[in-house]
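Working notes for the structure below.
Chain nomenclature is as follows: A, B, C and D, assigned in order of appearance, with residue numbering initiated at 1 for each chain independently.
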Amino acid sequence: MTSIVTAGDPQSDVAPSTFAKALNDALRTAMERDDRVLVLGEDVGRLGGVFRVTDGLQKDFGEHRVIDTPLAESGIIGTAVGLAYRGYRPVTEIQFDGFVWPGFDQIVSQVAKVSYRSQGKLRVPMVIRVPYGGGIGAVEHHSESPESIFCHVAGIRVVSPATPQDGYDMLLEAIACDDPVVFFEPKRRYWEKAPVQRDTRSSGSVPTTFSSLVRRAGSDVTVVTYGPSVKTVLAAAEAAAADDVAVEVIDLRTLSPLDLGPVLESVRHTGRLVVVSEAPLEASITSEVAARVTEEAFYSLAAPVQRVGGSDTPYPPSRVEPLYLPGVDRVLDAIDRVLDS
Amino acid sequence: MQAKTTAVEAVQQASRRVEVAGVPGTAVMSGLRAVAADVESVQLLSPEGERVEHPRFALDISAEELRGLYRDMVLVRRFDREGNALQRQGQLSLWAPLLGQEAAQVGSGRAMRPRDVAFPSYREHGVAWCRGVDPTELLSLFRGTEHCGWDPRATGFWPYTIVIGNQVLNATGYAMGQRLDGALGHDHDADSGEATVVYFGDGATSQGDVHEGMVFAASFDAPIVFFCQNNQWAISHPVERQSRVPLYRRASGYGFPGIRVDGNDVLAVLAVTRWALQECRSGNGPVMIEAFTYRMDAHTTSDDPSRYRLADEQEAWKLLDPIERVRVHLSRTGQADREFFDQVDRDADELAARFRAHCLTLADPPLERIYSHVFVEPTEQLERQLADDRRFVALDEAVPMNVSTQGGHR
Amino acid sequence: MTSIVTAGDPQSDVAPSTFAKALNDALRTAMERDDRVLVLGEDVGRLGGVFRVTDGLQKDFGEHRVIDTPLAESGIIGTAVGLAYRGYRPVTEIQFDGFVWPGFDQIVSQVAKVSYRSQGKLRVPMVIRVPYGGGIGAVEHHSESPESIFCHVAGIRVVSPATPQDGYDMLLEAIACDDPVVFFEPKRRYWEKAPVQRDTRSSGSVPTTFSSLVRRAGSDVTVVTYGPSVKTVLAAAEAAAADDVAVEVIDLRTLSPLDLGPVLESVRHTGRLVVVSEAPLEASITSEVAARVTEEAFYSLAAPVQRVGGSDTPYPPSRVEPLYLPGVDRVLDAIDRVLDS
Amino acid sequence: MQAKTTAVEAVQQASRRVEVAGVPGTAVMSGLRAVAADVESVQLLSPEGERVEHPRFALDISAEELRGLYRDMVLVRRFDREGNALQRQGQLSLWAPLLGQEAAQVGSGRAMRPRDVAFPSYREHGVAWCRGVDPTELLSLFRGTEHCGWDPRATGFWPYTIVIGNQVLNATGYAMGQRLDGALGHDHDADSGEATVVYFGDGATSQGDVHEGMVFAASFDAPIVFFCQNNQWAISHPVERQSRVPLYRRASGYGFPGIRVDGNDVLAVLAVTRWALQECRSGNGPVMIEAFTYRMDAHTTSDDPSRYRLADEQEAWKLLDPIERVRVHLSRTGQADREFFDQVDRDADELAARFRAHCLTLADPPLERIYSHVFVEPTEQLERQLADDRRFVALDEAVPMNVSTQGGHR
């Protein structure tokens, strides 16, 4: 059980970095380590990406390794597949969650199936980076949480880091991974800072950070979440502690395949589980976690699993998103519900 | 004209590439050589404000109409600038400026008849204006209080479409419907025909949906004008990287006419769009128009163009300003006097004030908005979720939601 | 509680029809009733569709109402949206499940969101017909069960008929419905016959067949399923009856929004639930049903909900699909598991 | 030549449409008028077996090479027919016949060098043959025992791609990689260059992916030949409904050369593809080739073409048979004798027998196949599911699975 290094942690001996900068550092490190690593997407070059995650990379690695593409997501993903066939390790950027769909056919029909189809004779080690989630006051299609859909597609790994450190480590591991990885970045955390220890891990092809992690220990109730909601849930756990409720917080980190071992272990102790995500609930990761945990730890559960998520609606106009996105109060309410029953 | 030079140069460069290949153009060859001979934009009013004759696109226009176009452009520019300012002041979360594209939008917008329908992208505030959308109705989207603030059916101006290219197919389908309805081909009754105009950018031309729109439109003879505002940039990506050759040439690959117009010349845009619409209404659609223009401001208020383009370029394009040339022409030919120009400026100020005032009145939507209009009838599931959520509205959030407006919209 | 009219049922006074023909009849009826109904897709005209579901329609209604489109799914869905704006009611055919993805962006970004975006000022009453599921010995991309992904997309209705009668009734209701409907047709049942009562229902805009249905009553265990698996589950129930296990079989019919009322009612009596589908399990409809039923009927459950589904892999080569697809023995095994615990 | 006539007629018809519009072609006009002047296919061997000179595409070919092409085509046709027969006999669940397209496939396949790479659609059995894929390796896909039976890397022949258009983007990316690797432009060392050929049909040209492939290839100067086999039909949809104008004209819209070749003339296809590949290898890619040919058989064994096309059409195309004209030419010019032809027929019979025999040996895959190669390393979840499934393998299914092979594959 590891707990995260948070800002102000006495043992942190590294300078704080924003989430976006940590990702940028990971890309730089990966590109330095392996000259087959390419970055491609819309505006990733001179502009450095709309979130500046690729800032400065084209200047340092050249136009051949940091490639501004025409405006077409199927084109980006589809050509990345071909580049991967050729031995490159493309890291593609999709500008916003809502713009991944034109490329979805290539993801489902090629990226996810190439290895299976060819019995492993062909592989597409590529990363599809997708900034996701709400809370930035944006217009339509810029705030969505589509990760559950990707989890239903067999043959791709789906992961999401919650902290700058994980952003750095997991992106390096995603790039080194021989499976295709869809990498969801919690965009509203891009500007949050925390110390990041750089270049600490080797880039083996078995990702060690693609595993669930206990972010806070507690014995009364388990709350499972990931991505942008981790911070919200930790705040809720803090608030609950004031009421003497000890919340164990687990960050999934890998959304597909899921790593439910730590969750099951926790639930066997607490007997109570809340699953939190920003995404609509229907046929989602929260459904999957609830279904599997219930199936495998039914007799440990003192109460039914409670889910907290976005509503089953399109993403609303941004001025109402504070009411749409699960905040601390909703998490606390679910904790209450699971404790009361 | 700097624009022309740039384009011609680009083509010459592309053309050289073929010569390297050493393949003289023959009858069976398509590609660069065949098309690179000359790139010419239709122009009816020079940057210096002189009327230019064009053999194909004569335009008889009254002084009143001309003044109307001028007024349109000034007012549109004025509220566009106000939109930018409102964003800077934190009243909008985003604004997508049209600065520089007034002629392309007003010229094409004014070419439409009431029954024609426009499918915009997200920057067509000038077209909205021509369709009778009150500028204040554009605000809610950019403030984040609504996704679409106007009535699409009443105005014939469809909602802004943010996913690049989507609207091209929707518009094509609409135009297919116009044809199925028998709403065209009535040359005897000039007012009865209908057509569709779909707007998209130079960057959008790379998207599969734009291609499929053109394939379907050609296949079904849809009465649609593909109106591409080539403003030279797709955020930081210059048009030369989206295409080796001028964009209007795409049309030839589908077998319908493509034409480039000086997009900073409101008269040329008006004349060419009128012609194209009449073609469509007569059953000879589709037609593609490339309006060659320039995005004078940032992509959106979230963008910083100094990272990817030189100020020089913008300076050069200033000389081609769409409003200035009409102003010069109107004065020089005595079709408008000082009083007219002053009145337009006053109207613009008044509009801007009303625009701003309205913005400040836009309230945040209630919780119920989240659950409205997902389906025609609310479902049991959504009603349950709404009821559940109602419990939280009264409460203050224990910890703020962390909503920021920082960075990177679109 | 209604039980289906099956072939050989003494009360059936109507000629048996294949599933495909029942759908064809529904299209014909809808087109006769309302001349704004259009059919469009690849090869739907002269060929009558690769499964002959649109057979003869172009001949009778003309090329303007039964439209052979160019080969482009985004084009089909995207132009259908425009036709719907214009007042038409397009019924689009996607040739096979695996070919819906090029049109997915239009479904997510336009079809599902138009009403929400415009506050109901625009509507797109359209039907997207998708033959789905395996068991026909086909090559890659022709046997998939992607319905769960559509259920996660808010703003579209997702339904699937299991019998010729429901095919007929539900398609008529889908066409009459003012919401966009994704209509999944269990292709391996296309050639199965059952009596079909035609033209019995009015085409109101509130679909009455978009509701769960008890297909067989039983008191020991509830099995919930839909589409192609309904027949398999009914066979399993028959087999279980021989062992004196009374299985209640519920056909969901509407996959989104779900109609869980009858399921909850059943589970409150049986205390045991199995959910069966061909689709991969991860983040699926089976997860959703298991999660929601557990949440809402936790204290009625005597055992954890068991799920039976396709494995979390791409669809395998067809010669191994008898091992891949959940058959009667797997359903029986799950019933045993849920009874044993 | 009937093919030519059809095309010319189609274009004339399309051209008339523009005349109705009353728009004389001007310099700024693209579209039909500009391109409809003449549609000519490159042809080097007439349907009557006469060599035809072409100013641009001279081809020096030895008798041996010529006999080799003939043999290729005969053998390919032979195992293709066997594939059809095997399906009829229930040994395959599907076959996609190439009948009629032998010249398009063998001509282009033989133009490739070992290091070039081909990305096929699903009908390119003749290209597979040229790439050294043993025909028996094509069977598992159609029998349903595997998704891909050959080694893509060893043969430079990528897996069949069924989702229309997908491979065009993948191939473009591969070609972009060839350029990044510096694998082209070495004119001094003619053997060192590499290029990619991607195959797709006339129907596929409507898909967004094909468009985006062309956009990306043009933007990145990718060494890729877009090889469109226009076999006149996309299942039941005739090419005239996918495009108003000849498909090779699409290339001009992207600014690279497009050329139409008589797809039933193996020499012309060879010469034009060689040229196109050399263009690509020299850094002047991409190039588009439209091979004008005909699908003589059904779309697949699941299809019934009598529902949508007249037998007449097929009869007319028989006169243009790609193999017959080479046979006539070989005999007439004395480059092959009876013995040669007999030997080829014997080789074909032998291949067919081996093909058939191999088919019958293909066993159903084991349960484990379901779980193999989903990821590089099996995941815990998949191992659990596999273990669970193992319990059922021994059992007979209580009720048969109801697997039918009836109706409607593709």
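The criterion applied here is as follows: a contact is a pair of C-beta atoms (placed from the backbone, for glycine too) under 8 Å apart; a residue touches a chain by one contact, two chains touch by 3 or more.
Protein identities per chain, from UniProt: A, C = Alpha-ketoacid dehydrogenase subunit beta.
Being a predicted model, the structure only gives us computed values, none of them experimental.
**Q** Once you count every C-beta pair in contact for both, which comes out on top, A-D or A-B?
**A** Of A-D and A-B, more C-beta pairs in contact link A-B.
**Q** Please identify the chain with the largest separation between its CA centroid and the CA centroid of chain A.
**A** For chain A, the chain whose C-alpha mean is farthest off is D.
**Q** When the centre of a chain is set as the mean of its C-alpha atoms, what distance in Å lies between chain B and chain C?
**A** Here the centre of chain C sits 41 Å away from the centre of chain B.
**Q** Calculate how many whole Å lie between the centre of chain A and the centre of chain B, each centre taken as the average of the chain's C-alpha atoms.
**A** Chain centroid spacing, chain A to chain B, equals 36 Å.
**Q** Averaging over Cα atoms per chain, report the distance between chain A and chain C in Å.
**A** One centre to the other, that is 32 Å.
**Q** Indicate the residues of chain B shared as contacts by at least two other chains.
**A** If we look for residues of chain B contacting two or more partner chains, we find 146-147, 163, 206-209, 212, 215, 219, 241-242, 374, 381-382.
**Q** Can you pull out the residues of chain C that are in contact with at least two other chains?
**A** 70, 72, 74-75, 98, 101-102, 105, 109, 116-117, 140-141, 154-155, 257-258, 282, 311-314
**Q** Can you name the residues of chain D that touch chain A in the complex?
**A** Answer in residue numbers: 146-148, 151-153, 158-159, 161, 163, 166, 168-178, 180-181, 208-209, 212-213, 215-216, 219-220, 372-377, 379-382.
**Q** Over in the complex, which chain A residues touch chain C? Could you list them?
**A** Residues of chain A touching chain C: 74, 98, 101-102, 104-105, 108-109, 112-113, 116-117, 140-141, 148-149, 151-155, 256-258, 279-288, 290-292, 294-296, 298, 301, 303-307, 311-314, 341.
**Q** Show me the residue ranges of chain A that touch chain D in the complex, using the header's touch definition.
**A** 38, 64, 67, 69-70, 72, 74-75, 77-88, 102, 105-106, 109-110, 114-123, 154-155, 157, 178-179, 205-206, 257-258
**Q** Enumerate the contact residues on chain A facing chain B in the complex.
**A** Those in contact with chain B are residues 42-43, 45-52, 68, 70-72, 74-75, 95-96, 98-99, 101-102, 131, 135-142, 187-188, 190-191, 231-232, 235-236, 239, 311-314, 316-325, 327-330, 332-333.
**Q** Provide the residue numbers of chain B that touch chain D in the complex, in ascending order.
**A** 14, 17-18, 20-21, 23-24, 26-35, 37-38, 40-42, 55-56, 205-209, 211-212, 215, 218-219, 221, 241-245, 248-260, 279, 282-284
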